[in-house]
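The structure under discussion is supplied below as structure tokens; questions concerning it will follow.
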Amino acid sequence: MNDATPAVEIRDLHKHFGRLEVLKGISLTARPGDVVAVIGGSGSGKSTMLRCINMLETPSAGEIAIHGEAYAMRPTRDGGLEPADRRQLQRIRAQLGMVFQNFNLWPHRTVLGNVIEVPVQVLGMPRDEAVARARQVLDRVGLAEKEDAYPAHLSGGQQQRCAIARVLAVEPLAMLFDEPTSALDPELVGEVLNVIRDLAAEKRTMILVTHEMGFARDVASHVVYLKDGRIEEQGPPEQIFGDPRSPHLQQFIRSIA
Amino acid sequence: EPYKVGIAAEPYPPFYSPDSSGTWSGWEIDFADALCAEIEADCVITPVAWDGIIPALNTGKIDMIVASMSITEERAKQIAFSDKYYDTPTGVIALKDSKVQPTPEGVDGTYLGVSVGTIHETYARAHFAETAADIRSYPTVDEELQDLAAGRIDAVVGDMLALMPFLESDAGAACCEYRGAVESDPSILGHGVGVGLRKEDTELLDRVNSGIAAIRENGTYDALSEPYFEGLDIYGS
Amino acid sequence: MPDIDIDTPIRPAPALPLRARLAPLLMPHRLVMAGLALAALTAIITQMDWSWLPGYLPKIGHGLLVTLALLVSSVAAGFALALPLGAVQVTGPAPLRWLATGFCTVIRGTPLLLQLWLIYYGLGALFAQFPEIRGSWLWPYLRQAWPYGFLTLTLSFAAYQGEVMRGAFAGVPRGELEAARAFGMPRMMVFRRVWFPRAVHRALPTLAGEIILQLKATPLVATITVTDLYAVITRVRQATYLTYEPLLLLIAIYLCLSGTLTLVLRWLEARVPSGS
Amino acid sequence: MIDAMDFSLLALSSPGWGGALLAGFLRSVELAAGGYLLGLVIGLLGATAKLYGGRVLRDIAEIYTLLIRAVPELVLMLLFYYVGTDLLNKLMGAMGREGIDIDGLSAGILVIGLVQGGYATEVIRGAIRAVPPGQIEAALAFGMSPLKVLRRVTLPAMTPHALPGMANLWMIATKDTALLAVIGFSELTLVTKQAAAATREYFLFFIAAGLLYLALTLISNLGLRWLERRARRGLPAAA
Amino acid sequence: MNDATPAVEIRDLHKHFGRLEVLKGISLTARPGDVVAVIGGSGSGKSTMLRCINMLETPSAGEIAIHGEAYAMRPTRDGGLEPADRRQLQRIRAQLGMVFQNFNLWPHRTVLGNVIEVPVQVLGMPRDEAVARARQVLDRVGLAEKEDAYPAHLSGGQQQRCAIARVLAVEPLAMLFDEPTSALDPELVGEVLNVIRDLAAEKRTMILVTHEMGFARDVASHVVYLKDGRIEEQGPPEQIFGDPRSPHLQQFIRSIA
């Protein structure tokens, strides 16, 4: 596969919840190494879009392809779509790493247990190898000495870093972050943003939903502004923050500053 | 203040059983009525669980037990007994195709049924436990007969008066037959059935004893037995 | 029983120096209570009639074994049944869900005594009517009473625990399951690695209570002629005509059992810290 | 088996047993309701003692729940009905008063209430602990007295959490009434057994009793669901 | 009472949790109309101090007076203090309004029910009057049309405004805010800060713990910097933010910016 194959490609994505249309036709491409920041008001559909990428929500219409492979979908009776091929779904998901807003660590496993879970159980890596790799990754996010702690005994920032380590351990094609800092206090926010900044410097593909505008401006290679389920404006951060066109975006940026 | 005559809440026909309106009837009810009339006492029938009947007597919830309770030495340590007012043989009925006999050797390797808390249970456990495959204790006679008919036990040890009606029924006649009375053991099988009283109620004991003697004398006893047992003498020897 | 106290888990207590651990026991009112308990115990031992005890010890031991065997086996089997019962009620296809809900409602809605009766005298007597069954190798077991007692107790425990498990499965935070799915775990693996262990852990705090209730339900098997501890004690009472002593012994044994059980389950619970 | 049953035995008027069964059923419900209410009161007191009481109260509540849950109900019934009245009468006698006789209904309600109270204490304690402490703090911060906090905030807020457990307790209460058979109180189970033994129609009566219990369960379920909907007003839907 | 009586006065407040000393001698005075902003790192004791003011935490030593009336305290056996007079405690508490970080609305009552609860139950106001007053207050915070909604059906910002309305309805002598915005998303933050700004303009006495430095600078008449349970520096906002003396405060302000 060459570098031109997009890591994540979304074409005309629609999503209804009952009668409510939350996403109204979204198209987005993230090439390998891109860091896409998704911004927008509360309820604009940011999380829903992110969750569609790994099919935690099934789209009502549209197409999503990960590294050139589109999810096989089939129509449901009520006019929506559903994944047609469960093996493919699992294979694609295993290539995406999602870091949830509230971490969603598995509380019944230690930090190390959380990190090796997917490599051992899903990817079939031998345990020893998985542990060695997990230790490297934990070291990288500064959690090496906490490997035997349970998530409940970690501070918020440590939990967040553990969630990131869990994703790094599977070497995903692309990483998805949903408001990775909104549950943290201001000092921890800096800590977590630093880890993400490092990842960006390594040219990992990332799509991140964030409320930290300064941060988005810093690390993103591309910023997407969602408004009422549509992409109202997108472009490089300098343009979005420096020279917003749409009046909504202008107001949004003003209200946040 | 009327005397409370305790019977067991679990029906034991033909001695006592309730009808749907909660009225108890049966031989022992008639007997208690006759006895109370004889000693000129007011009596009310009070059902109490068999399991709690002796504590009920000792704590004053009832004043006498007229519930087919056999006079045994163990019980006599707790309560006082009147003279016996009936006495029936303990017998064995068995499946027709079994070889059960009412002896320790005769029950070798068989499953026996008894009613829980009766002298028959004590007897079976004392004499048949060595040889029988198992002795099972049922809550009431009906249940052991049901299991006998189903063939899950081979024989039942019990009060012949309670077992006979079963043998005369269709189901009983089809499956089972009488195999004879067990060898006597007065220390367990006791000295007949008596009225149970609190030990300190000696005056009442005397009145009950003379009452029993009187209704035996004056023919009341035979008259009230006739409809239930048709001439069979249940007073025993 | 109640499927709610799934809240705060008990954390492993940090090891304290012996003196600090003893201190709470030495508070004045606790000393008074301990004194009272001791006095009551001495009075019970010295004032009451325990001469029957040595003679009945083997029987009591046997009864205790029967009780424990019934308890352990029916709890284990019932728990195994409760898992699918609970899971199906949360995610299963509609017909299965109705079936499970119906089963739990009927069993919980009718007395155990009745179920015992219908299964032993109904189902059991039915078996006896078929000569093929009577001739088979199964008959020596089917003519016994304990298989029916075991079956009934198992179904009963499954129904009550199934209800608890339903709550526990439903209560596992969605996010933890989504995280597993997002990493590409197949459905069974999500169940095996995340959903199931988390639900069991959430159900642990109520398990002790459920098992104690089951312990107290076992004496009913005496009505179908299984001689458990309670039946032995009943027999002692009938043979000795002692009203209270055998019951006190029974209470003491049950107290020990439920105390041990509570401790063991707390220990189990403390071994896995919970997320909340 | 079905065709062999004689359904006329279930007729409402004598000699049918239907009326007696229904009467027993009503007595069971009465007993269960009385015991349940008493248990609820004990449970509220016990939970309050455990959560807010001093050390002494807390230990007493702790011992109460431990004992009451470990001792079989039947034994409690026997001990209470016989030992209890015995002691009471001796006490009254010592004080020179006339002995009294506790009737079956009161004894039953008392024992069932005591047992239910043991379990209800735990259910309610768990439910109160599930109330976010902030809601209680908010009430305190506004100067509410502790009693008022309990009445206006803690109790209404814990109700939805307590309902499932209390529903289970109600099921148990309806069935625990069978205990009273041991003192000859004719509730549904005892009437059923008597009817069965008197007529030898065991299955007919056992199934009839089972259906009565089941009907009670289903009706209670409806009521409880209604209660739960009311109590959960304003709360987010359960997961 | 004259204007010189401080609305809230804290003298040498100490607070231990077990062995941990969280507040190490704090003295603070808020005159009527003052808006005191309390800032400081995580764990520095801000919440604890605020909660001592209305005795949600009982101090280990020190004195607190509300509008000139000091809490009557008595020593406990283990060397701490406890409120000695429950009626006084309730009376003083009824004069303080606390807005909690996570609102702590009563979920089983509607918006209106939440607002009238204290006037009716604690202050003994007739229901009609309480309702009329509550409607005014709700109108003031822009929640008039939501009076019949339950808290769970409100957005975060609406819940926050309801919590403020609940406090306003009792006309407190002083209002205490504990991080009133940290649970909100950036757009709601603005909304809530506006309400507080209005209150400040009305010269209501307020003590607020906040992480929003810009806001503290804007509305506070006085800023207090807590560090490890001590007031390390205090003064008017221009001084604290413009010319911090203590190196800790300087670093704190840098880390947050």
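To keep things simple, chains are lettered A, B, C, D and E as they appear, and every chain counts its residues starting from 1.
We adopt the following convention: a contact is a pair of C-beta atoms (placed from the backbone, for glycine too) under 8 Å apart; a residue touches a chain by one contact, two chains touch by 3 or more.
Keep in mind the model is a prediction, meaning the values are calculated, not measured.
No other two chains have as many C-beta pairs in contact as C-D. Here the spacing of subunit A and subunit C, counted between their Cα centres, is 45 Å.
Inter-chain spacing, taken between the CA centroids of subunit C and subunit D, is 20 Å.
Separating the CA-averaged centres of subunit A and subunit B is a span of 82 Å. In subunit D, the residues touching two or more other chains are 78, 82, 202. Residues of subunit A found to touch two or more other chains are absent.
Listed for subunit C are residues 121, 243, each touching two or more other chains.
Pairwise, the chains that touch each other are A-C, A-E, B-C, B-D, C-D, D-E. Subunit B meets subunit C in the complex at residues 51, 54-55, 58, 74-75, 77-78, 111, 113, 116-117, 122, 136-139, 143, 146-147, 150-153.
By the touch rule above, subunit A contacts subunit E in their complex via residues 41-42, 182, 185-187, 190, 211, 255-256.
Partner subunit D is touched in their complex by these residues of subunit B: 9-11, 13, 17-22, 46-49, 51-52, 55-56, 59-61, 140, 142, 146.
Note for the complex: subunit C touches subunit B at residues 121, 124-125, 128-129, 134, 143, 145, 222-223, 225, 227, 231, 234-235, 238-241, 243. Residues of subunit C touching subunit D in their complex: 1-8, 27, 29-30, 33, 105-106, 108-114, 117-118, 121-122, 160, 163, 167, 170-171, 174, 209, 212, 216, 219, 230, 243-244, 247, 250-251, 254-255, 257-259.
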